[in-house]
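Dropping the structures in below, format is structure tokens.
In what follows, chain A forms one complex with chain B and a second complex with chain C.
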Partner chain A sequence: MKKKLLFLFTAMFILILAACSSSDDSSGDTDGGEDTGKEAASTDKITVWAWDPNFNIAALDLAKEAYTGDVEVEVIENAQDDIIQKLNTGLSSGTTKGMPNIVLIEDYRAQSFLQAYPDSFVPISDYFNPDDFADYKVATTSLDGEQYGLPFDSGVAGLYVRTDYLEEAGYTVEDVTNITWKEYIEVAKAVKKATGKSMLTLDPNDLAQLRMMIQTAGSWYLDEDGSTPHLANNEALKEAFEIYKELMESDTVKVVSDWSQFVGAFNSGEVASVPTGNWITPSVKASADQSGKWAVVPPPKLSIDGAVNASNLGGSSWYVLNVDGKEAAAEFLADTFGSNTEFYQNLVTEIGAIGTYKPAAEGDAYNAADEFFGGQKIISDFSEWTKEIPGVNYGMHTYAIEDILIAEMQNYLNGKDLDQVLKDAQTQAEAQVK
Partner chain B sequence: MGWLFTIIAILAICLFYFYPMIQAFILSFQSGAGANLTYTGFDNYARLFNDPSFIAAITNTFTFLIVQVPIMIVLAMVFSVLLNDATLKFKGFFRTAIFLPCVTSLVAYSVIFKYLFATDGMVNKFLMNLHLLQEPIQWLTDPFWAKVTIIMAITWRWTGYNMIFYLSALQNIDRSIYESAKMDGASSIQQFFKITVPLLKPIILFTSITSTIGTLQIFDEVMNITQGGPGNATLSISQYIYNLSFKYTPDFGYAATVSYVVVILIVVLSIIQFKVAGDDK
Partner chain C sequence: MKKIKRIATYCFLSVAAIVSIFPFLWMLVSMTNKSVDVTQGKLLPGTHLFANIKELFATVDMVPAFVNSTIIAVITTVLTLLIASLAGYGFEMYRSRGKDIAFTILLVSMMIPFAAIMIPLYRLFGGVSDTMPWIGIDTLAAAILPTVTTAFFIFFFRQNTKMFQKELIEAGRIDGLSELGIFFRIYVPTMKTTYAAAAIIAFMNSWNNYLWPLVILQSPEKRTIPLLISNLGSSYAPDYGVIMTAIVIATLPTAIVFFIMQKHFVAGMMGSVKG
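Let's turn to the complex of A and B:
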């Protein structure tokens, strides 16, 4: 008996130890944060927060190499959610201690930060020429006529298709180029019938497809003012809901619940197409054995008037915080992401990141053929489509409204009347974002 | 003089517990985006009643509470009685096996559950290979099954933890009580209900209160396994607070209001549990 008791105590002791060590870890983290804050105070060193070591952090490393000034740049990797939390808690507490000089913010969240924390970000119009960048990107990164963000990657969307599956179903790449979503569903059914493969993946918790669809028609969850919800009587959104339901009921969708399942589905050849942002290219190319079997065409559009075969999904930009060293930080950005055409070629060849800096599109790297996509010049194509993307004001409440729509979408799929669904969503959104 | 020694602790508790609590209470009467907070009186509290996401969060959290806590308490009690049996072999192994989930990190086990219960995950494969299922169950993307998955996850994680309390309480029950019961001809089921359960009452009260508090604050599991989805089907109150503060344009005022609702709920539920279970005060 005593031995058993001893064991129990040991087990509890381990538990307590585990609890202690985990709290040690977290205090270690905050220490780290404070250290960087102290360093950020001196101007010969600037800190940058970003989240993806294979993408935006890799881009920063290239920028450091390309930078001609003598300021030391320290890049700190944080998960995107952590960056959002740290910014929110830091900025709302009114202290700039521990804040970086430059931070990467997703475009959907940019207005929310700029408006929620006035004077915390520095306008950087004087350091570079916003006209050099794609129009839609400038709209999302500026506030009250002042340019706050320096655009990083383009979220220009494309429809990645498996040419071999399409062929089996009797279609060519031309047949799916510049089509509407309704036509896409027809192709989906034929592909399913001929190959047994699903046409695409959908995640019930992520309405990215919906965002992509409505932007083809220049529409968004909010009015142009960026704060009034525009859900009821939104023709584009209504059609997008109908298409989403039709897709779900057509038996051509593989339902996934997270990112790794999403990537796994096309890597293992379970789906015939991936309609999403160009940043998925490296993940598509991860399956080397599928080389030559893929092509990229412009995303399908909604069938309402004025819709175009161009859209955007995601994308982020650099922002300079109002702390010591802001001039040095703005100069660093302007010298690299803001004006260096050569640097943008490296971004494409080494990381596959497509910027929205217009002069860069003339370079060699942008016009290279990609064997994986059967020799298609995908970078050049994407840059072409970027110009067509309808500019919308993402406003402040993308994710708040999206969560409402996610819940209402479930109601709609379960048979609730669509007009009522959008009306209810409108009421909820108005209460949420007032 | 002796009180001087406690001053540091009292000051620290006031500074790090009561001061933030009061500040949060004041914050709960303000609203606005990020740093632009203004006083809005009781607007936040009125808003609660017309907020479908909040109502969904409350409903889900209570569903977890009502279904999961009793299952877990009963399981913990049954396990502890079985493990307390003097004739049982490999006791140490079984105790370790049931307690071990408690030392795993919340996030780590949540992520593993997410992969186990994925549509093409191990659980579905296993059930299909046994021909118990024709179609895979949508554990994470169906509103009903997502709730079931969460409940299974927290039961797995916390049953062993509660079992430890019962085990230690059982060691304190005098063996002679059971012996005399046996002589009077009581079956083991009668012994369980007439002796074990009444004597464990204080522990039942304690574990049900701590489990209730724990379930009301559930966050890690939902955040990592389902992210509150599909729709709002598994959204918990804590996750809603997180969403209001960090996922959406931050409204710390309203988030503070929602967190005060949790405080009120815990106080009320604890009082009820004391009244129902603990008498002779």
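Let's turn to the complex of A and C:
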């Protein structure tokens, strides 16, 4: 009895050991360069990872319908944070097993993936013409002159305003068009006085507003190289901090702590404006009773030289992974998101996604008037503003630095000297992102 | 004086009870409300329960995920109990050189966070995917294997084994039982409470495990419940009513397992403290 068991255990042990050693060999091969992952999707089927069933996955479904090739496309839904976790684990382990052919990555994070795993993504400029897309988007999706990403949605920002509240305070839509943030604060105070409503929401744990502000001046948390923190002596950031504090102290801000409160605030009519990315449109329109009371104007800009009334918030792009089926994957993307004007019209009408594909702006859907916004051609306007967005290199560490800034912002609001705040943030950032 | 002390105790306990019960209450109430009501903090039950359930089953494959979670949790629990109790029993009952060093090393391994060994593990499973596809990436077996038995369970069983009367073993040996026979026929039946406590912990750990199934399971049809819930919250406009419904369904099995074994669980935990 005992001996038999012992024999059995030993046999199992040897088997497992043998399996492990042979596995080492095969993964060694994969490291060599060319990936030949046998388990990875074969060319007649490609897999795509994306995260929102009502937005980017819906867009993929439209793309599948529009695609004329005979490749089967399987779309797998994963939460965005889950995709990041899975990609990081898979790519750092050096095995391509289980990796998809195409993955959606948020623009702020794209550079960190491209730089950390240079051989894992395929340059796809041979399949489509990057010049067809908005310049700022190309800047965020390429690395060292190679085009890796195919742009999906535009994060072009706008200032959504309640025309009725503005009117009550004695302002027209023209008065808030192409203004600076300083002028915006004046309007905010007047609106608060006349209507008792806050001007906007701010979330102390999400500095999206700050990102939007500094991009109007073509500035970012990082230098143009995409890896050196640029916080101390960053004029744009400094002004953005000042405006943020002024807003907070002007009693015109409704502080929120999460996304649902943010959406709830404008749905219930508690705020007079929403400066954010165009992807908020469906959420704004969710309150049908507010139809005709909204307008969208270009976002306010910073006062420093060179700032423009155009910015970006969010947005993501498609990337092709270096696994079997990469050609089919690139062709699928190029044929749909990369060149199909008709398809872009459907994206707008059916799911409200605005792309950055320039020729699409000529289509009917882009030029349709939206009654909710008092007949304004908002898609067409957004496409116009997209062209003006200053291109910046989002670099590797957007969110890591933002975590530092969130803490330092609180210090600043509590009275710490601004130059010192930015200097401290710079020191922390340099220590952290090495 | 005694009375005041008593009142204070009850006040403290009431607060503690409310704090621990409130999340469950919130979950159950939110399950019956619309997403908007959930975000506005409505504390009263609504009428949206059936709409939420219908919506949940229409949008995601709840049943396969439930089946996957059950398979993984049950197999993991059974294997964990078997291996950990054998190991704990062995550590306590047999004398051998180096035993204490081995045990110390085992305990030290409790300090290594799972995230640190995740990438090598993924690499390992990626490597065997070609030769042994049945335990490769994207299989339930791969989701189970690394989570079977942790140092904690071996420690837990060893501690509890200290209470086990060694005379019983002597008696078994005299009566001619083999060593494994002693284990299965004497040890296992006497240690029921310990097994029950360990079973609850192992089942809950496995049922709620998120990180490893997340990275190792790729196809949607192999997803477990926690992964499914994570997906529900991923869209730009999540439906909180539906998410709460999914969470209630996900909580049920652990709650049921707990209530069935509650009596044993308490006894088992007391035992490990005494030991």
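Just a few scattered comments:
Here is the rule we go by: the second predicted complex is superposed on the first by the 394 of 434 C-alpha atoms of A that agree within 3 Å, B and C clash if a C-alpha of one lies under 4 Å from a C-alpha of the other, contacts with A are read in each partner's own complex, and residues count from 1 in each chain.
To be clear about the criterion, a contact is a pair of C-beta atoms (placed from the backbone, for glycine too) under 8 Å apart; a residue touches a chain by one contact, two chains touch by 3 or more.
Just so it is clear, the model here is predicted, and its values are computed rather than measured.
By the touch criterion defined above, A:94 reaches both chain B and chain C. Touch criterion not met for A:132: it reaches neither chain B nor chain C.
With both structures placed on the common chain, the touch criterion links A:53 to chain C but leaves chain B unconnected.
In the superposition on chain A, A:116 makes contact with chain B only, not with chain C.
In the overlay built on the shared chain, the residue A:397 is in contact with chain B alone; chain C does not reach it. After overlaying the two complexes on the shared chain, residue contacts for A:168 are found with neither chain B nor chain C.
In the superposition on chain A, A:85 makes contact with both chain B and chain C. By the touch criterion stated above, A:72 is placed in contact with neither chain B nor chain C.
Touch criterion not met for A:384: it reaches neither chain B nor chain C.
The residues of chain A shared by its contacts with chain B and with chain C are 5, 22, 81, 85, 92, 94, 261.
The touching residues of chain A, counted against chain B in their complex, run 3-5, 7-8, 11-12, 14-15, 18, 22, 81, 84-85, 88, 91-92, 94, 112-113, 115-118, 120, 204-205, 255-258, 261, 396-397, 399-400, 403-404, 406-411, 428, 431-433. Interface residues of chain B, counted against chain A in their complex, comprise 33-36, 47, 50-53, 56, 91-92, 95-96, 99, 102-103, 105, 114, 118-119, 138, 140-141, 143, 164, 167-168, 171, 226-233, 243, 245-250, 252.
Of all the residues in chain C, the ones that touch chain A in their complex are 35-36, 38-40, 59, 118-120, 122-133, 136-138, 178-180, 211, 214-216, 218-220, 227, 230-231, 233-238, 240.
Of all residues in chain A, only 1-2, 5, 19-20, 22-24, 26-27, 38-39, 51-55, 76-82, 85-86, 89-90, 92-95, 97-98, 260-261, 263-264, 267, 279, 282-283, 286 touch chain C in the complex they form.
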